[in-house]
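Here subunit A shows up in two complexes: once beside subunit B, once beside subunit C.
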Partner chain A sequence: MITPFGARSRYREFWIMSGVAAVLAALPWLLTLIGGYTELATPILLWGMFALGFDILLGFTGLLSFGHAAFWGLGGYASGMILLRVSNDLLLAVAAGTVVGGAASALLGYLTLRRRGIYFSILTLAFAEMFYYAALAPLQDWTGGDNGLTGIPAAQLFGIAMKGWPIYAVIAAATFAGIYVARRIARSPYGLILRAIKANETRVASTGIHTRHYKFAAFVISGLYAGLAGALSAAYQTYVPTDALHWTTSGQLVMMAVIGGTGTLFGPMLGAGIVLYLQNVLSATIPQWLLVQGLIFMAFVVFLPGGVVEAGRRLARALSRGRKRQPPVPDAASVKGVGSVHAD
Partner chain B sequence: MPTENRPNVLLKVAGVSKRFGGLHALDAVDLAIATGSIHAIIGPNGAGKSTLLNVLTGLIAPDSGTVEFDGRSLLGLPTYEINQRGIARVFQTPQVFPEMSLLENVALAALAARDGSFRVNFFQHPARLDAVRERAEALLADIGLGAFLQTEARHLSRGDKRRLELAICLAHKPRLLLLDEPTAGMSHHETHSTVALLRRIAKEGMTKVIIEHDMDVVFSLADRITVLHQGRVIAEGTPDAIRGNPIVQEAYLGGVHA
Partner chain C sequence: MNAANLSLQLLTGLQIGAIYVMIALGLTLIFGTLGVANFAHGALFMIGAYLGYVVAEATNHWVAFIAVPPAVFLVGIVIERTLVRFFYNRPASDQILVTFGLALVLQELMRWIFGGTNLPYGTPPWATVPVDIGIGYYPPWRLVIVGVTAAAVLGLFLLLRYTRFGLVVRAGMRDPEMLGFLGIDVPKRFTLVFGLGALFAGIAGVIGGPITGVTPDIGMAVLVPSFLVVVIGGMGSLAGAVISGLILGEAVSLSVLIYPPSTQIIVYLIAAVVLLWRPRGLLGVKGVME
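Let's look at the complex of A and B:
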């Protein structure tokens, strides 16, 4: 668990971010080793960033949104329209997409966070579907309706055409920054407060904290990540499918987060990688791929709710237990004993 | 007891009623808590004690009546604002964060004391939290759990969870501490050390309202006692007066209607 109050060494974050940089640099090549292809690395990073921001909402704050397709899709449309009609500057398009994603999440968050649990989830789903249908018909002159937004020209950054390796480098750099910011948030007061809200909201409120403000902040942060990833996706694909706004996009996001392991930041990114890899590699050989994907998802929810990251942790624990036989925490009896003695 | 210019009455409850359907959970309850006192509220199960605390902490809105803290009304204020004004609460079942370390549990409250109910500091560097960490460590050491900073709260016994919750409440330096059955579910030894801890805090002048079933605890701690029965205040006075009150004996201590 990432926390501002852990017992950690000083250089831990430096080494973690160095590892992240190495993985980002090697990912296209790594994929070819396991039967994938280099181009798969870009969508994995885009969905990974989408899932990373989503984890701050689902994994940390415990809020299950089924409406994040709205922010990914609106970010994509905003970015695509800038490139199509205003300028082919990537920075401008991505900034516009991020701002639009963030603004839409502020609006939806304001409306939906008044309710909790399943009501919150249903509200996010309903609002997001409204954007989908708005893009499909009433706004089709702008969005391209059923065909999606087509004919987006290749973006430019400092005079370099954004396709192939250059755009992978830009997306990898954005992912690196996204991971750094997310880890800083997790190690800031917000990380602690959001996790506490997930565990016991009444206790947090009784401790003097305005929980709805913090939940709103988490919602908007995840919306900004979704907008950024969606905007980069539009520039990369030079196309925005209407499906970007469809609820299946939200569903796929939730699936990635759960398969990877929520509340760990890296887990949902890993989940994005696993789902996209299987989708692209297995769907070529298995015609009923979606059925298999559903079974995998169900297996994780039933047998391993902590996802792949939890599986890794259990494996590591089992291995270290084999080496040294010591309990990792003091047992309740010893805690109680010392606690009681000192207070007298 | 009262010092300087502080008002003698810290918390004033007047005519507070609350109905749940046909049940009068609270029926025109009056209560005055003197600054610096330990005020016990006793009564049989269902007398309305916890409902009263829920009204005081903003979790339930009363149907009628007034609640004033330090001369200002608390009615309509959200829970977090009531806490920021100086009222902390230890719940009947210990409310801590089981998956978080003891240090994180208390640091959360120390953060709320430093930053108020909301602040935009999601990018704050962990090094800026050193003061919060030190305060949390000091509070945990004070309640005797200082050796287990990185232990998750779920490993604690019920008694130690309540002590942890007490440390969470004390992080704010509250002016009024509400304790809902602080020794329930504790062993004799734990009860003894908790009473000692509460007495030590009392010396620091913190006003306390304590709901308790253990009469030994009540009579050894309280300066004043209010007896609730079926949502009504049936008696109020010093421990000696309550002990000798025939109405109280019939309603509660004798257990005839309880």
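Let's look at the complex of A and C:
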């Protein structure tokens, strides 16, 4: 059975969002406590936002896209080009990046959503590669080709140079807004239909709902998140590598989402944090970090498709069982097909 | 541009298409019978190319051509037995995720062992110097690729058309459940089909390696257009895979003559047009594997 996502008291939502704000404010400092460094907080939030939008598509609607590098990368290129050629206003650059990410996802969604299941995954992978190759050769006068887009000047917002702490504050604010909006979407009747599509699309369609429109909207929403995150990333790094458009970026995103736990919104963000943290802490000692990450990812897919969030749930259940000595009643959110990665 | 030049370019298109066809046939066989979209199929091609380089360095090219495809066949069998078979009853997205993870792991494993640089896997000495084929001088190795692919496609056709194993595989592409009801050991056939797909990727890798280069990234670079070949041809249609593979190969080759930077994106434009015009693919049948 599908119940509205987190449909509990408004009071509870206030406390959850307060907790989010506290974590966002404390993240740079928290990272230093566990052997990371403060600057790591910014990429974690950027990838977290990317993964958050992706979860609306994968975790809620059950569509596995391997092409989101296109929206992240195009958002980055658009933002970088505005900063480089038009104006150093961050708002303008980020707005341009988000719009371009959304427009590209509308184009790709229109093409790829004509097919379902594995075809969708194959086609998103393939068409996203088209943008990579287009940026590499035919458009290299614009994109810088192999070198990527370099020499982007520091952006400004209300006269403040966007680097260091100010840009972290802006990115944290954007992440906060992104989480709030995603939770609103998840709780809405629209979010309910998305999860119904994931559970059984044929049945939803037979009730008279045009599922392709809903899937298209979910695809574009995730594209907007990707464009926003990519645009902020370009302003933060003052550089757009060609790799931003490469399939490895899409692959990273998918791995983060699955390792964290799809269908939970916070899970993929957690996954982004875990992957980036391990990558930065361990890549000094393990040169073949990507190999290790691939093995970790495979282990999750094989043994624990619900990711870290599911592991946490099982642990909590086991602990409460040990305390109460009675079988617990599974809560609605953990019933298969709602919080788990299973999608057909 | 004259007629001779154009025919040479068409021949190159045939060679590019031949590699796509080999990969796409394996993908279609595996998807058609096992229902698994194998994202690790490009990695099998890559393993074939690396093994080809190693064996050719240690001995000679002939040993490599004979020994490597069966070796990749065995790699395929091992992958199916130890990993993929546990995913037949899992959702399609899990199958994609696990084979994608495997592709990444194999790719990074090769990067670890051999480094990220292109290995100097050359063509055999007798196939290096261009020969006169009537319309101009042409590298014989590309002709070998076309010839081997034609032989492999013919062999596959004969296998599927005239043997009991082929009959079972074709039946499995139509209705695997019914096959089980008829008392056929479906899991064993599944393993062999996966191995057969791997064998094709191995052949493509060992003969295609000198052309495509031997790097860890080559697997994914070959897989993506091959996926498009399968979708354009119509999933589950072996003839469709051959036809669309050749169309894409020619398109890539001819786009060099018209506007060189478009070479890399022409396949995607064709795929987009086919999807809008015939979402099921050229030879796709309504209701089959959708």
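The rule is simple: the second predicted complex is superposed on the first by the 316 of 344 C-alpha atoms of A that agree within 3 Å, B and C clash if a C-alpha of one lies under 4 Å from a C-alpha of the other, contacts with A are read in each partner's own complex, and residues count from 1 in each chain.
Heads up, the rule we're going with is that contacts are C-beta pairs under 8 Å (C-beta built on N, C-alpha and C of every residue); 3 or more make two chains touch, one makes a residue touch a chain.
In this text the structure is predicted, and so the values were computed from the model without any measurement.
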Open item on the list: Once chain A of both complexes is superposed, is A:V302 in touch with subunit B (first), subunit C (second), both, or neither?
Closed with: second
Open item on the list: Going by the contact rule set out at the top, does A:L315 touch subunit B (first), subunit C (second), both, or neither?
Closed with: neither
TODO: Give one of first, second, both or neither to describe whether A:H213 is in contact with subunit B, with subunit C, with both, or with none.
DONE: first
- [ ] Using the touch definition from the top, say if A:I122 reaches subunit B (first), subunit C (second), both or neither.
- [x] second
TODO: Mind working out whether A:I160 is in touch with subunit B, subunit C, both or neither, as first, second, both or neither?
DONE: neither
- [ ] Based on the superposed arrangement, let me know which partner A:A25 touches: subunit B (first), subunit C (second), both, or neither?
- [x] neither
TODO: Using the superposition described at the top, list the residues of subunit A that contact subunit B and also contact subunit C.
DONE: 341-344
- [ ] Mind listing the subunit A positions that touch subunit B in their complex?
- [x] 3-7, 181, 184-185, 187-190, 192-193, 195-196, 199-200, 202-211, 213-214, 217, 221, 329-332, 335-336, 338-344
Task: Complex contact set, residues of subunit B against subunit A - done: 57, 59, 78-80, 83-84, 88-89, 91, 95-101, 103-104, 107-109, 111-113, 115-126, 129, 133, 136, 143-152, 155-157, 159-160, 163, 168, 172, 189-190, 192-194, 196-197
TODO: Give every residue of subunit A touching subunit C within the complex, in rising order.
DONE: 58, 62, 64, 66, 111, 114-119, 121-123, 125-127, 129-130, 133-134, 136-138, 247, 251, 254-255, 258, 288, 290-291, 294-295, 297-298, 301-302, 305, 341-344
Open item on the list: With touch defined as at the start, can you tell me which subunit C residues reach subunit A in the complex?
Closed with: 31, 37, 83, 86, 90-98, 100-102, 104-105, 108-109, 111-112, 220, 224-225, 227-228, 230-231, 235, 261-265, 268-269, 271-272, 275-276, 279, 290
